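Below are structures written as C-alpha cells.
Same chain, two partners: subunit A is paired with subunit B first, then with subunit C.
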Partner chain A sequence: MTLTSFSFFAFLLIGLLVYYMSGKGQKYVLLAMSLFFYFAIAPATLRYRLKLCAIVFYVVFLTYVGGLLIDRAKGKRRTILTFFCIGGLAAVLFVTKYFYNIFTGIAGLFGNPGAFEWLNFGSVIGVSYFILSAIGYLTDVCWESYPAEKNPVNIGVFVLYFPQVISGPVTRFSQMNSQFCEKTGFDPDRISHGIRRMLWGYFKKLVISDRFFLIVNAVYGDYTAYSGWQIFLATVCYALRLYTDFSGCMDIVMGASELFGVSLPENFNAPFFSATVQEFWQRWHITLGGWFKDYVMYPLQKTKGMIELGKKCKKRFGKKAGKKIPFYLAMVVLWFGIGLWHGGAGYYFIASAGIPFLLMLLGDVLSPLFEKVSNALHIRKESGIFKTVCFLRTNLLLCFAWVFVCAGATGRGFRILGHQASHLLTGERSVLGNTTLQALDLCLMFGGMAVVLFADYLQYKGKSLTDLLDAKPFALRFLAVNAEILVILFYGLVGSSAFIYFQF
Partner chain B sequence: MSREEVYERLTAVFQEVFDDDSIELKDETTSEDIEDWDSFEHINLVVAVETEFSFKIPMGKVITMKNVGEMVDIILSLGK
Partner chain C sequence: MKKLWLLLALFLPALLFLMGVNYFLDPANIFHSDGKQIAQALMQGNEVYIGSGNTDERQIKKNMISLMPKEVDLVVVGPSLAMTIDRVTVGTENMYNLALSGADYYDILAQLGMLEEQQVKPKKILFCVDSTFFDEALYGQMSRSETLKPYADYMLQVISNQDAKKPSGTDWKNAKVLVQQIFSVTYFQACVDYVKSNGLSSLQNMRWSIREDDLSENAYLRGDGSWVYNRAYQSATGETVQKNAQEYNIDYYFTKDGHVSESSKETFEQLIRYYQGQGVEVSLFLCPLSPSLYTRVENQKESHMLLWELEEFACRMAENYDLELYGSYDPKQMGVTDADYYDARHVRHEVLCTFFDWKTY
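For the complex of A and B:
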C-alpha cells in the first residue's frame, strides 16, 4: 500500500465507516487502523514484518511504562530514569539507522564485511518521526508539563497514528491526545475540507513534483554534459520538486487525518517567501525545527554551564557580542542533531545542517553591516521590491545546499559546483532536449507551480486559497474541484516515484 | 507580590534584555510585538527573569508560555 494507491483509498473508506459507527471506541479503531497501515505499507517479507513488530512494541511499551515510572519518581531519580528511557528510544534510531553502516564499514577493514548482517534492519519506515514524538512525550512528563498517560491504548495511538507515522509531522502528546479521546461526530464540512486538502496534495505530488523530478534526474545523472546555468536551473527544479513532494505528502496526510476529525500541526508556511535563511527554517519542516528548538536547544542554553559561559562572554566581549556565543554553540548542537536526523550521510549533513548553519551564522554576524548599507542607500525595507530581492536571495543561497542532495555524495557535490563555475555557459546538451517532457508537461509543471506559489503567497499574507474559493459561488467551486480531479486523473504520474521524506 | 509589581519589574527586565526603554507590556504581548524577541533571545529573557525573581522557571513552562500574561501567571505561581 502507498498513499497514491487504490488500496489506500479502500483502507480509508472502510476505516471511516467503522470509525463513525464505533461511538466511544473510536480510538481503538484508530489504533487497529494504524497497526494495519504500518504493516501494510512496509515491504512484504514476514521476517521483516516481525522485526518491525518487535520495534513498534518496544517503542510503545517503553514510552508507556517509562512515562509512568518517570511520573512517580522524584529528584535525581526522575532525571536518571528519563535519561535511560530517552536513551532506550534513541537507541532504536541509532541501531536501525546508523549501526549497520558503521559496523559493516569497520568489519570491512578487517576483511569480514558480513559480520554484522544481523544488525541490518532494513528501512524502518517512519522511525525518525515517531521516536521524536515519543521522546518529546517522556521529556514533557519529566518536566511536569502534564501527568503520564495511564491508558496504553492512548500511547499506542499517539506513537503510531497512521496519517503521521510514515513521514510526520512530529507531534506533541498535549496537542493530540484530547483529539484521539474525544468522540468525533460526523461533520460533512470537515470531511469535505479533508478531501480537498488531500486532492491538493495529490495535485502537488503527482502533477507537479514528479515532472520536475524528470529534469533533475536527467541533468544530475550526467552533469558534465550540461552548462553551469542549466545545472542551476535543474537545482531550482529540485527545490520546487522537494517542496511539492514533501508539502504534497503533508497535505495528503493532514487531509486524511481531517476525515477522522483529527487536526495535525502544520509543517509548512510558505517557505519560499522567506527574507532570510533563518526565516526559511521557521517556515520549512516546522514541527522538526520546533522539536529540536524545544527539546535540544532551549534545555542546552539553559544549562548552568551555558549561562556561566554567557556571563563570561558578556564581560569579555560586551553585552551584544557576548550573549551570542552560547547561542551559536547551541546552534551547532541543534544543526548537528538535524544533520544526524537526516541520516548522518556526509552530503546530507552538508546540505541539511552545514550549509544552513553557515548561512544563518553569516547572516547574523553580517546583519549590522547589511543594516548600515541599506540605511546608507535609503532602501525602504517595507517595499515589495526589497522583499522580493530578499526572497530570491534566500532561495538562491539555499541552492548551494540542494546541489549536494542532488549530487548524492559530498565529493560529487563539490565537483558539480566546480563544473558549474568552469562551464557556466558551455554544455553539450540542453535541459529540455534530454527528457521526455512535452509542451503540455511544461504547462502543467509551471502553471501548477504558479498556482501553488499563489496559494503560498496568500498564506504568507495570512489568507488562504480555500477561504478565497469558499467565498465564490458554488458553481465556481464545483468547477475548480472537478478540474483538479480531472487533471490529477489524466495527467498525474501515478507510481513514478515514492515520497522523498519516507526515507527518513 | 502583586500583579502590578510583577509587571513593573518584568518591564524593566524586558527593557534591559532588548535594549529598548519604550517597551510596554500587556497580558496579550507576544514575541510578534517585540522586534528582537526570537528563539535566540527567548532563553536570554527567561534567564534574566529568573535572575530578577530568584527562582527557576521549569522547562515545560519555558516552551509553552504563549504571551506575557502567561509569564506573569507563572511568576506569581512560583513566587508564592
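For the complex of A and C:
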C-alpha cells in the first residue's frame, strides 16, 4: 500500500465507514487501522513484519509504562527514569538507522564487512517520526506538562496514528490525545475539506513534483555534460520538486486525517517566502524544527553548565558575546541532531545541517554589518523589491546546500560545485534534451508551480486558498475542484516514484 | 442533509466520469467479455474484425468450443504460429483452429480439457509443437492462461487416469481486479491514450464487428477460428523479416541454456497415449523459423539447444507412436526464404498451406 495506491483509498473508505459507525469506540478503530496500515505498507516478508511488530510493541510499551513510572517518581529518580526511557527509545532509532552502517564501515576496514550483518534491520518505516513523538511525550510527563496517560490504547494511537506514522508531522501528545478521545460526528464540510486537501497534495506530487524529478535526474545523472548554469537550474528544479513532494505528502496526510476529524499540526508555511535562512527553517518542516528547539535546544540552554558558560563568556568577552556563545553552542547541538535525524550520511548531514547552520551563523554574526550597509545605502526594508531580493537570496543560498543531496555523495557534491564554477556557461546538452518532457509538461510544471506559489503567498499573508474558494458560489468551487481532479486524472504521473521523506 | 448533497455534488461527477471512461472505453477488455458474442458470430460462419488489440482470444476460443458440433474432423492447437491454418489449408469444412497467441502448456491443456468437458470428439488433432509448451522456464513466466487453469488441471487428471472432477462452469473474473481497475487512474490514462492514438472514430465498433466487405485494413478471424493478419502486417518484406529476426529475443523464447522440460514431455506422451486410446489421430507440426532467425539461433546453438532438443523429441514421438509429422524448425529443409514470412516466426498463410498434404476426410 502507498499513499497513491487503490488499496489506500479502499482502506480509507472502509475505515471511514467503520469509524463513523463505531460511536465511542472510534479510537479503537483508529488503533486497528493504524496497525493495519503500518504493516500493510511494509514490504511483504513475514520476517520483516515480525521485526516491525516487535519494534512497534517495544516502543508503545516503553512509552506507556515509562510515562506511568516517570509520573510516579520524584526528584532524581524521575530524571534517571526519564533518561533511561528516552535512552531506550533513542536506542531503537540508533540501532535501526545507524549501527549497521557504522559497524559495517568499521568492520570493512578490517576486511570483514559482513561481521555485523545481524545488525541489519532493514528500513523501519516512520521510525524517525514516531520515536520523536514518543520521546516528546515522556519529556513532557517528566516536566509535568501533563500527567501520564493511563490508557495504553491512547498511547498506541498517538504513536502509530496512521496518517502521520510514515512521514510525520512530528506530533505532541497534548495536541492529539483530546482529538482521539472525543467522539467525532460525521461532518460533510470537514470531509469535503479533507478530500480537497488530499487532492491538493496529489496535484503537487503527481502533476508537478515527478516532472521536475525528470530534469534533476537527467542533469545530475551526467553532470559533466551540462554547464554550471544548467546544473544550477536543475538544483532549483530539485528545490521545487522537494517542496512539492514533501508538502504534497503532508497535504495528503493531513487531508486523510481531517476525514477522521483529527487535525494535524502544519509542517509548512510558505517556506519560499522567507527573508532569511533562519526564517526558512521556521517555515519548512516546522514540527521537526519545533521539536528539536523545544526538547533539545531550549532545555540545553537552561542547563546549569550553559548558564555558567554564559556567565564566564560575559565576564571574558563582554555582554553580547556572553549571550551569543551559549546560543551558538546550543545551535550546534540542535543542527547536529537535525543532521543525524536525516540519516547521518555525510552528504545529507552537510545539506540538512552543516550548510544551514553555517549560513545562519554567518547571518547572525554579520547582521550588524548588513545593517550598516543597508543604512548607508538608504534601503527601505519594507519595500517589496527588498523583500523579493531577500526571498531570492535565501532560496539561492539553500540551493547551494541541495547540490549535495542531488549529488548523492559528499565528494561528488564538491566535484559538481567545482564543475559548475569551471564550466559556468559551457555545456554539451540542453537541460531538457535528455528528458522526455514536452511543451505540455513544462506548462503543467510551471503553471502548477505558479498556482502553488500563489496559494503559498496567500498563506504568507495569513489567508488561505481554501477559504477564498469557500467564500465563492458553489458553481465556482465545483469548477475549481473538478478542474484540479481532471488535471490529476489526465496528467498525473501515477505510480512513478515514492515520496522522498518516506526514507526517514 | 444539504451539506451531504453538496459534498456528493462536488466530488461524485469526477468519480463517475473516471468510472465511466474506464468502463466504456475499456481498451484492455477488463469489463467487457465479448468472447461469447464473437464466438457465436464465428460459429454462424461470419468473419469477425477484432478492433481492440486486447480482445481476450482465450475467451473467444473457449466459447467456440462450447458451440462446436460434438464430432469434428480436425482441431488445431498451439501458439500463434498455427493461427493461420484454415479450412482451405486442411481441406475440410468441419475444422476449428484453437491456436492462441503465446499459447502455453496450460492454455493447450485447458483447451483440450474444455473439448473433453464439452464431449467434443475430434477425429484428428494437429499439435503445433513449440517452446511455449515444452519450456517450463518460459511458460512459468506467462500468466495469460490463469483464468483457464482449472480446465488444464482437469485435463491433467483425465490423461493420468485420475478421478477427474469437471471444473465449475462459473466464469467470473477476479472481483478485486475489476474494482481496482474501475477506479484506476492509470487505466483512465490508458483509455485516454487509446483514444488519442486511434482517434474518436475508434470508439465506434471498437471491440469487434462482423466483416461485411473487404475494405478494412484490420486483422480478422475466419469462421473456423483461424486468423488473418492485418494488411500492414501482410506487407512485410524479406528485409523487414531480417530486421525482425535480429531484434527477436531468442534468449527469452528459446530460453538461454534451457532444456525441454521433462514434465512437459511426460504430459505430452500421456496426451498422445490418451488420444490414441480414444481413437483420435494426433499429428505434429514444427513451424520453421525464418532463415535469418534460424541462422542466428544456430550460431548460438550451444546455449540454445532447446530448439534442437524439441525437434529431436517431436521426431522421436512421431516414430514411437506412429504420428504424422509436418514441417521442421530448419527452414532449409522446408525450402523457404525470409520473404515467405510475416515476421521472424510467422510463415505466410499461402506458404503454410504448402506444408500440408491433407485432403478431405
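Note that the second predicted complex is superposed on the first by the 504 of 504 C-alpha atoms of A that agree within 3 Å, B and C clash if a C-alpha of one lies under 4 Å from a C-alpha of the other, contacts with A are read in each partner's own complex, and residues count from 1 in each chain.
The rule is short, and it goes like this: a contact is a pair of C-beta atoms (placed from the backbone, for glycine too) under 8 Å apart; a residue touches a chain by one contact, two chains touch by 3 or more.
Nothing here was measured: the structure is a model prediction, and the numbers come from that model.
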So, after the overlay on subunit A, do subunit B and subunit C clash or fit? They fit
- Should A:V481 be classified as contacting the first partner (subunit B), the second (subunit C), both, or neither? second
Which partner does A:F6 reach: the first (subunit B), the second (subunit C), both, or neither?
second
Between subunit B and subunit C, more residues of subunit A are touched by C
- Query: So, A:H419: does it touch subunit B (first), subunit C (second), both, or neither?
  - Reply: neither
Task = Please work out whether A:R393 is in contact with subunit B alone, subunit C alone, both, or neither, and reply first, second, both or neither.
result = neither
First (subunit B), second (subunit C), both or neither touched by A:S145:
first
Rounded to the nearest 10 degrees, the Cα-centre angle subunit B-subunit A-subunit C in the superposed arrangement comes to 160
_According to the stated criteria, A:F490 is in contact with first (subunit B), second (subunit C), both, or neither; which is it?_
second
Let me test your reading of the model: by the given contact rule, A:F327 touches which partner, first (subunit B), second (subunit C), both or neither?
first
Let me test your reading of the model: by the given contact rule, A:H193 touches which partner, first (subunit B), second (subunit C), both or neither?
neither
Taking every C-alpha pair between subunit B and subunit C in the superposed model, the minimum, in Å, is 36
Where subunit B and subunit C land on the same part of subunit A: residues none
Listed in rising order, the residues of subunit B that touch subunit A in the complex are 39-40, 42-44, 46-47, 58-64
Residue positions on subunit C within touch of subunit A in the complex are 3-4, 6-7, 9-11, 13-14, 17-18, 179-180, 183-186, 188-189, 192
As the complex stands, subunit A meets subunit B at residues 140, 143-145, 293-294, 297-299, 301-302, 307, 310, 323-324, 327
As the complex stands, subunit A meets subunit C at residues 6, 9-10, 187-189, 191-192, 195, 474, 477-478, 481-482, 485-486, 488-490, 492, 494-495
